[in-house]
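Below is one structure, written out as structure tokens, with a few remarks after it.
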Amino acid sequence: MNNKNYQIGIIGASGYTGSELARILINHPQTDIVAITSESHKGKKFSDLHGQFSGIVDMELVSADQLDVTGLDVLFLALPHGVSMEFVKRWKESGIKIIDLSGDFRLSSPEIYEVWYKKDHTYPEGFDTAVYGMPELHAEAIKKAKLVANPGCYPTASILSLAPLFRSKLGIDPDGAIIDAKSGITGAGIKASNTTHFSNVNDNFKAYGIGSHRHTVEIQEQLSFLVKKSVNLQFTPHLLPVDRGILATSYLKIEKEMSQKKLDAMYLDFYRDKPFVRIRKQAPSIKDVRGSNYADVFPFWDARTNRAIIISAIDNLVKGAAGQAVHNMNLMLGLEESMGLHQVPMQP
Amino acid sequence: MNNKNYQIGIIGASGYTGSELARILINHPQTDIVAITSESHKGKKFSDLHGQFSGIVDMELVSADQLDVTGLDVLFLALPHGVSMEFVKRWKESGIKIIDLSGDFRLSSPEIYEVWYKKDHTYPEGFDTAVYGMPELHAEAIKKAKLVANPGCYPTASILSLAPLFRSKLGIDPDGAIIDAKSGITGAGIKASNTTHFSNVNDNFKAYGIGSHRHTVEIQEQLSFLVKKSVNLQFTPHLLPVDRGILATSYLKIEKEMSQKKLDAMYLDFYRDKPFVRIRKQAPSIKDVRGSNYADVFPFWDARTNRAIIISAIDNLVKGAAGQAVHNMNLMLGLEESMGLHQVPMQP
Amino acid sequence: MNNKNYQIGIIGASGYTGSELARILINHPQTDIVAITSESHKGKKFSDLHGQFSGIVDMELVSADQLDVTGLDVLFLALPHGVSMEFVKRWKESGIKIIDLSGDFRLSSPEIYEVWYKKDHTYPEGFDTAVYGMPELHAEAIKKAKLVANPGCYPTASILSLAPLFRSKLGIDPDGAIIDAKSGITGAGIKASNTTHFSNVNDNFKAYGIGSHRHTVEIQEQLSFLVKKSVNLQFTPHLLPVDRGILATSYLKIEKEMSQKKLDAMYLDFYRDKPFVRIRKQAPSIKDVRGSNYADVFPFWDARTNRAIIISAIDNLVKGAAGQAVHNMNLMLGLEESMGLHQVPMQP
Amino acid sequence: MNNKNYQIGIIGASGYTGSELARILINHPQTDIVAITSESHKGKKFSDLHGQFSGIVDMELVSADQLDVTGLDVLFLALPHGVSMEFVKRWKESGIKIIDLSGDFRLSSPEIYEVWYKKDHTYPEGFDTAVYGMPELHAEAIKKAKLVANPGCYPTASILSLAPLFRSKLGIDPDGAIIDAKSGITGAGIKASNTTHFSNVNDNFKAYGIGSHRHTVEIQEQLSFLVKKSVNLQFTPHLLPVDRGILATSYLKIEKEMSQKKLDAMYLDFYRDKPFVRIRKQAPSIKDVRGSNYADVFPFWDARTNRAIIISAIDNLVKGAAGQAVHNMNLMLGLEESMGLHQVPMQP
């Protein structure tokens, strides 16, 4: 054990990502949270915003502009896309490891970013060094990275579902994949809106962003790196009346000979020694992973239709955001990769 | 207006279908509920089982065995499959119109029934006269029928989504359709079980019956009649943490030239003069139809992937069960088809 | 039956009260909705705001300022308090019957209003003619009224719970009553806020307005008229993770001899011939009345502690708002009092 | 730090208490779970029952009858009342510390137990040594105890709310207290029943056990020890549509001079150095403590009515069961009392 803990700054306190980072890091054995920033709430206590931290994290929030980052080891950016890139730029020479939880550096180029995010990118050089922070695919690159782009929540569930098939030599049709995904409302953020009003969500369910959600391109890119072809797949998000969790149901025709046994073996092999992917023997539910960093993946072979159906479940705020970010931090700091991430899923 | 109301019997009081039939029929202007049966609760009042009917329907429940059906005009069978066929058989000579809400006579033959329901069929002759009670497809046959097999809830949402495309001359691949469907818990019935325990459903979500749900064959058969080919499609049900409602997201490649405008026109044309199908211009949510007999259908054309994505929403207990049954009754009795079915959806 | 239906205007379309009025009135046999107003949404269709009315109420919204009220019979004001008084004033000479669903004229004087609502009252003369629109207490006055102040949701549940005891000659201590009330989120209105954000409500529960909620004085006044003494009681509201419904648990010591039988008899007697109050023999749940105009009341005598505990349940949007308003309209127009209000509670 | 961890047995795996004990103990730095028992599921894996433990606790369940307790340090009994007493009796001579989470030894005598639990007590001698395991009241006795009776969930929330007032010298009327409590459905256990069916709970709310709930006597006894008088108070439980959490709203008249400041000071003083009671400055919600061992208590003084209103919130499965049990274990073993109990509440 080190004598000295790593010094951590959380940039952006007001959202769910910020509060989840604090929830995890406060019990991490080798980190100290030394600063949390907020522009709109500076001067307040962190626990004034997030009452659950009363008596646990009562630290005063400071403006990011006034933050002296000297001596910090890691910065987590829990900011909206478009805002995050400015802070990456600001601290690019500081030598501090940065984990960006926004979408600003997840794609392969600023050009593609500008098409799907409909926004100019003000720090295109960042793409040269940013590493896509999915440990199951890119652990070696993450270990050496100074800037990690933490994956989106839907892409995490979707890519983990399909990666083994896209890396296989099965000759699948990469454009044939359909991902029908369902997310809890925290995916829409902490801000009050018609979308997040209780009575519009409770006892309700709907699809949104049909054919146009920007996570589509993030999924396509990562899968295209695996299959070494362009990918043009279907991704449809839906809004569940739950707080947390994503469940993705993915469909892919397989023309070559396949069986349940072969499919299981392929998935078990792909995720061997990946501590947070659990290959299940039955369809997981989102409470099986709630509050934890696990991704539960269930591959099913339908011999009647020659389709693989993959069900995956994650907590969008943990494996889909703050937990995966801490996993990335562990890799970047050379720590044991699951350190501080042993929370058991909370069911019920 | 008739002076004399039609005399109605509801066979099976204890489930949600029975209580929804009573909710609708009690305010129908041309029906009197004269008997409600229950084997396990005979002697109790209907409102003892369903407290919301206190002071509204306090009628005593009787055993179906002791029911004198003389003088009745319509019998609704709100019974489990396997049980329902016995009562259809019992009353086959009575001349009374029967609407069976179970799955016992929905398929094209007893042989197919026995494969998917894993149960012997004890009244195979019933298939000769039973009419599949989906008014949007079979109104003329329903008007003349003595025995109507009321469609399943998932099939109602699924068939209404895809019927226009399967009847079109677009040369679609009938085996390419994928229906990813999500249902409220009432679809699992009123019986207490691990499946229906609050803490297993609340804040949760899961898939079930993957590749094997028996509604698959019902959907396939009805669509095959339209496309005049066999159909081998994918149907995946999921369990939503809501009481009522089904939302189905259906995917189908279209190789011929298509556009949003053409697709809209095709759907509007197909459902012209169908009072309960509303073609929407945006994706419906399940509360848009809750408590009502409407089916909201939103056809979307994704030019990037050449796929039609159809979203449909129904209340599984109304359009997917009791409401559609009353619609069938109206047709069988020669009444205006929407009579008694003008409930406005309850949102919030 | 009249040949001519009554002509109705709904002032204020965007909230839940407006949409519930439309849900009820559209199926009322003697009313036509001829105008619905909205300042912020004028020009849009009513069904653009409330998608469930698609194809049912597609009427264009107009500004109240441009509304020609000539020929209208009844105006429902579904407006925030403070705004409503201006419209009552504007139309005071029109002769049109007005039912105000805000809190502007519920109290006994403008002075008390100003204390509890912390706002000047700009039409104090309105208090001279306004009748408190609780049909169970004031039916005769309502029949003759031109201006009815529709009761608040909490007061409806609370007053109906305690009225029989406060009118009795039991010598109860009027300051000893404690009302612990729990409401669904629709009581907080349709506006998006931290309070109504799904993740702050779902799987959650809290008290609010402790010791200071303005419905306290409304309850106190109505009960003081019955007991003919001043009343200074305790009222604590709580926020339930449900859309609709109020359940109030009220406590009152009774020093005189009492029994369950006597208590039941007192309540049955008090509410004899009141079509919407159901005296129950077991504690009601809020779904027993959801979507309906019923108030379910369960009086319980605890001989161990000498306390009456009264449980009441209403739908805050129906009996606590739009339904009670239509009940008042029926009385004001000389119609059968339950006309158009026969919706069966929706459970599940 | 010890080299050797304490060896723990969990008796009763199938319920929520068993799974919560495992969730906490698996990350406790000084315990090893060495055996988990189940009669109905012996031979299965723990994670077969509770899927969230997949890959975390896959230990095989054994019958308690076949359990060799030699070498164990602590036994947690997560069994129904009536069953638990048999195991306490069986292991009374073993020398192993026992924490009983049932109601079997919480009351002051077998006679009172038999009145309220309507059941014979088969091990009355147990009452001689059992200590009521509420660390905030009885820490010294718990440290020396061999048998701890872990408090009920409602009593934990209720007693923590009222203890400072009952121990004060304010001359309160002990029979005047009213506790209006609301609990999540997990309080009703994991067993499927009408009570726990999703559609009977979701979007619903009701009172139950009015005037007769057996937690009443447990609360009364503990408060009577503080006030040194008999206590005959009112306790009314309600069922919330949430998984976890209890919120209790307690009312008590105070005739002596009081103020908000005095009340706050009294509560802060009473709970000084109690690591899991947080005196809040605003009313807590149940998500402020969800998943954690905190009890949040908010004392409010209503000068208008001369009443103290106390709001308390706990997680019924943690502070109200498994967490408090581990707290007791820490005390019994001489460990730091908050060890292994630093879970941050999970909001959202």
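Letters A, B, C and D mark the chains as written, and numbering starts fresh at 1 in each.
The rule is simple: a residue touches a chain if its C-beta (ideal position, glycine included) is under 8 Å from a C-beta of that chain, and two chains touch if they have at least 3 such contacts.
Each chain and its UniProt protein: A, B, C, D = N-acetyl-gamma-glutamyl-phosphate reductase.
Predicted model only: the values in this text are computed from it and were never measured.
Engineer: On the document's contact criterion, could you list the chains that touch chain A and likewise touch chain D?
Structural biologist: Looking at chain D and chain A together, the chains touching each of them are B, C.
Engineer: Please work out which of A-C and A-B is bridged by more C-beta pairs in contact, and write that pair.
Structural biologist: Answer by contact count: A-B.
Engineer: If you average the CA atoms of chain B and of chain C, how many Å lie between those two points?
Structural biologist: 36
Engineer: Give, as an integer number of Å, the spacing between the C-alpha centres of chain C and chain A.
Structural biologist: Inter-chain centre distance comes to 46 Å.
Engineer: Can you work out the whole-Å distance between the CA centroids of chain A and chain B?
Structural biologist: Computed value for the inter-centroid distance: 40 Å.
Engineer: Would you give the residues of chain B that are in contact with at least 2 other chains, written as numbers and ranges?
Structural biologist: In chain B, 16, 186, 199-200, 202-203, 241-244, 284-285, 287, 290, 347-348 touch at least two other chains.
Engineer: Provide the residue numbers of chain D that touch chain C in the complex, in ascending order.
Structural biologist: Within the complex, chain D touches chain C at residues 175, 178, 180, 182, 184, 199-200, 202-208, 210-211, 232-234, 236, 238, 240-245, 247, 249, 251, 283-287, 290, 300, 302, 304-305, 307, 309, 311, 347-348.
Engineer: Over in the complex, which chain B residues touch chain C? Could you list them?
Structural biologist: 16, 19, 22-23, 26-27, 50-56, 186, 202-203, 243-244, 278, 280, 282, 284-285, 287-292, 294, 296, 342-348
Engineer: Sort out for me which residues of chain C touch chain A in the complex.
Structural biologist: Contacts found on chain C: 16, 185-186, 190, 192-194, 196-203, 241-243.
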